[in-house]
């Protein structure tokens, strides 16, 4: 697998809301080979604090030259990133991990929550290209309209219709994405692509299990290295063992993982 | 003694060379009471690294509203400071320490080397105001013309004539400030105000001792607190004891300190 | 809001001593308190601990005495202090005015010195408690052994306790294999509380000059860098002893204080952070009050040892 | 310039083993080396130390296993590994290709386990040395005691040495009162070298959830935060023993390597820094070469223990 450590230039900064930012980075090596579901490890500053890189999904590539990350400010690392300026350089490792596996013969359904929507945009774009005859379903959830609208917009630009859901009902369905899923006609050979908060992924996993659908989930864990060296990023699998989100994932067949009924 | 901890706004940034920067800060509380030779402790970033504040001399005040610091980039703290933007806020403690004592009856001679010139500008300005009949002598040294010229300029604007010296001869005397001092007519009742590298201050101290001149030196040491709490900033005085640069100084009568003949 | 915050219950007790709140300042980082008056309302703190006092005045180590490290600093002050007599005559009067409980941090090279300092301080107005420093890494003579050998730690504790009229807190060194052994030894010897941690022994080198960064070669590491070690030791000691534990090490904010209290600390001391933000201690008190109010806790004491184990 | 740098003498030896240069990678931070091939020319490193290997495979601790701290990180991996048999069959072949000396880090719960692992590794092609981990803080059984009691440290050393055909390096724990005592014990028991430090035991708490940040509650602290402690211990141990000392702890750059070598280290290991900058080890080698060239040193060995004391 090809991976690179690169100083990449920030060519564009978009602020979607007070705490949601998208950066476009010039990185042909990475952008030209990245696959949907893969991620990068980003150094958020030049100093020793925060010490570790932060993982972000590749949320889109363009022309094989640029790629984007979309993130929410939740702590010191993302706060530093959000204060970057155009023209500055960021140190990036990537592309890392195994992405989504696509099959044009099935009904593909993308389910994203919050910042979990980031990798699904890349997936949606790829599906539109490789399976032009097979338009995927897209179900996206977030806290409110402010957070969701700009992301929905991106899918519209790909020509994809979106079923939105918000916690406060300010856009689309008032409630959970699983409520929306239940109402959709998903046939009997559906493949679900899910990325979002753990409770949401748990719910979608059980939903798919009950209906006999396949389900690919992208797992978020704490990561120190992103390349299989630290063994910190585990997710429990069957019979007491663990898989490594960075190298075995981040995308897993949900059936391989251990899920707790809540 | 009045001291303040303030978030102060950067109102102006001047880059004199690749590594010499002057910041103007809006801080009426501090600017209105500061005296030449006093310093401030500056937090150079928002994170935990670098952890400690950095000491900088107050290099000028204006209108009782603004004050300036002039510094050279030598490490991580000064590098972070040099990347600040106008409008940003810096956390400042000050004014700290005891400054210079002036006597209008004597021939005042200001001797500065490198960034040690910073506090002397404030002193020169004050002397011009409080002792208008008594123009001080000014001798300034630095590595080269690039470093020294902008600082000399500031003294010219005060109407003060400067005797420059540079290590490479690119401006003024080719050599040390003490060479220049030896050639000047200093009379027999001269008061020397010195700030610069330790070897320079040592040389000026012995020069003054031999001629019977008074000599006030501003001492630089590593400082953690700047306010007499950590006891880290000591300078050796007579009989094995120590003085604290931040609270007993930074300006000392050179006769009180222990100097090593080199 | 401000008045609401004043009414929240932040009180904690260390033996017979009742503190307004759990926030104290750490010895050697708050001078004799007076230095912080421009920044802090001293009477709003739980207590202050003053710079370590010895029997005779000490000049301390030659310079350089401090050096910054990653998220921390090393110091080798060498216990510079004015000695117990001048402390009482010159420093106590101002402290008595400050209206805040004062712990005097004491240190000696021999049991007799500890005894002597304790007796001189006994009955001095304004001394609310004694903190016995058995852990300073900078004194070459008895200092280190007192803090690392349980029998010696117990002996110092007993001597100071016998000669004191106020609560005695023993300050433990982290530079040991098992800190709970020392903690139990001083508890058995009569300590009213333990405070921990003192600095970790460390070193820095300037590769250009090829010299140690400190004239003393080694020094004590403090600041955020050591917080994980301090938190672990407080957790271990709080489970091993039944006297109050005072947590120290890398504390900067109210959140840090909460963590130490959850780990089992009854109170805390803020050290190096005072240099970075002289108002750190008072801001921590304010932050704790906000937390107790927001979380609708009956009192901050509910948090002590409240860590939820997996 | 590049060719000039290739000709500078960076060689060091650890017992019978001659290394190209003093830069190794630390166990548990470099996987089985293969993970770093996209970033590092492995053959340019002095040596690599692989993740700790036990007799049987281990799943390790439940998540969360890592948490960041100020200028450091805590880990409680719990020694997840494939076991010695699968290590030999699955991991060694790739390592043999890599053209770099490999140290295998081994750990056990009993003397017998150490003996068994050492014998299985004896004679395996590509194993240049054994690093005996007696210091991992995460194993609840014998792990900690082996590293903190001199007699036990000596016993493990002797057992591994007897069953090994390659140099044996013993990795010391910093969580002890006097690390020189353990270092001397393993030297007397036949260790060819000592490496230090392993992680400091620490803890982190999430004050919102009131839970420990690690499922294992405590973990090992690494990174720049611990460098001053590591440097001090390397300095002390280098003066106490006459076998080579390998310095570990917070090393990120060639400058850090120089500091450890001045303190007495013959070689070093880069750990946590590999996560931040996967090229850290190779860049350190390059930096050392530049330093030796710029300072016109005959060889890097001139620097070992070259600290100038005041």
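In this document, chain identifiers A, B, C and D correspond to the written order of the chains, with residue numbering beginning at 1 in each.
Just so we're on the same page, a residue touches a chain if its C-beta (ideal position, glycine included) is under 8 Å from a C-beta of that chain, and two chains touch if they have at least 3 such contacts.
This is a predicted model, so every value here is computed, not measured.
J.: Just to be sure I understand: going only through chains that touch, what's the smallest number of steps from chain C to chain D?
T.: The distance in steps between these two chains is 1.
J.: If you take the mean of the Cα atoms for each chain, which one ends up farthest from chain C?
T.: The most distant chain relative to chain C turns out to be A.
J.: Between chain pairs A-C and B-C, which one is joined by a greater number of C-beta pairs in contact?
T.: B-C
J.: I'd like to verify one number: the distance from the centre of chain B to the centre of chain D, where each centre is the average of its C-alpha atoms, in whole angstrom.
T.: Averaging C-alpha atoms per chain gives centres 47 Å apart.
J.: Rounded to the nearest whole Å, what is the centre-to-centre distance of chain A and chain D, using the mean of the C-alpha atoms as each centre?
T.: 36
J.: Could you say which residues in chain C touch two or more other chains, in rising order?
T.: In chain C, the residues touching two or more other chains are 62, 70-72, 223-224.
J.: Quick check: what residues of chain B touch more than one other chain, meaning two or more?
T.: Correct list: 48-49.
J.: If every chain is a node and each touching pair gets an edge, what shape is that graph: line, ring, star, complete or other?
T.: complete
J.: In their complex, what parts of chain C are in touch with chain A?
T.: 70-71
J.: Considering only the defined contacts, which chain A positions touch chain C in the complex?
T.: 48-49
J.: Mind pulling up the chain B residues that touch chain A in the complex?
T.: My answer: residues 45, 47-49, 76.
J.: Using the touch definition from the top, list the residues of chain D that touch chain C in their complex.
T.: On the chain D side, the touching residues are 62, 69-72, 74, 148, 175-177, 200-205, 207, 209-212, 215, 217-218, 221, 223-229, 231-232, 235, 250, 255, 258-259, 262-263, 306-310.
J.: Which residues of chain B touch chain C once you look at their complex with the stated criterion?
T.: 1-5, 43, 48-53, 91, 93, 221-225, 227-236, 240-242, 247
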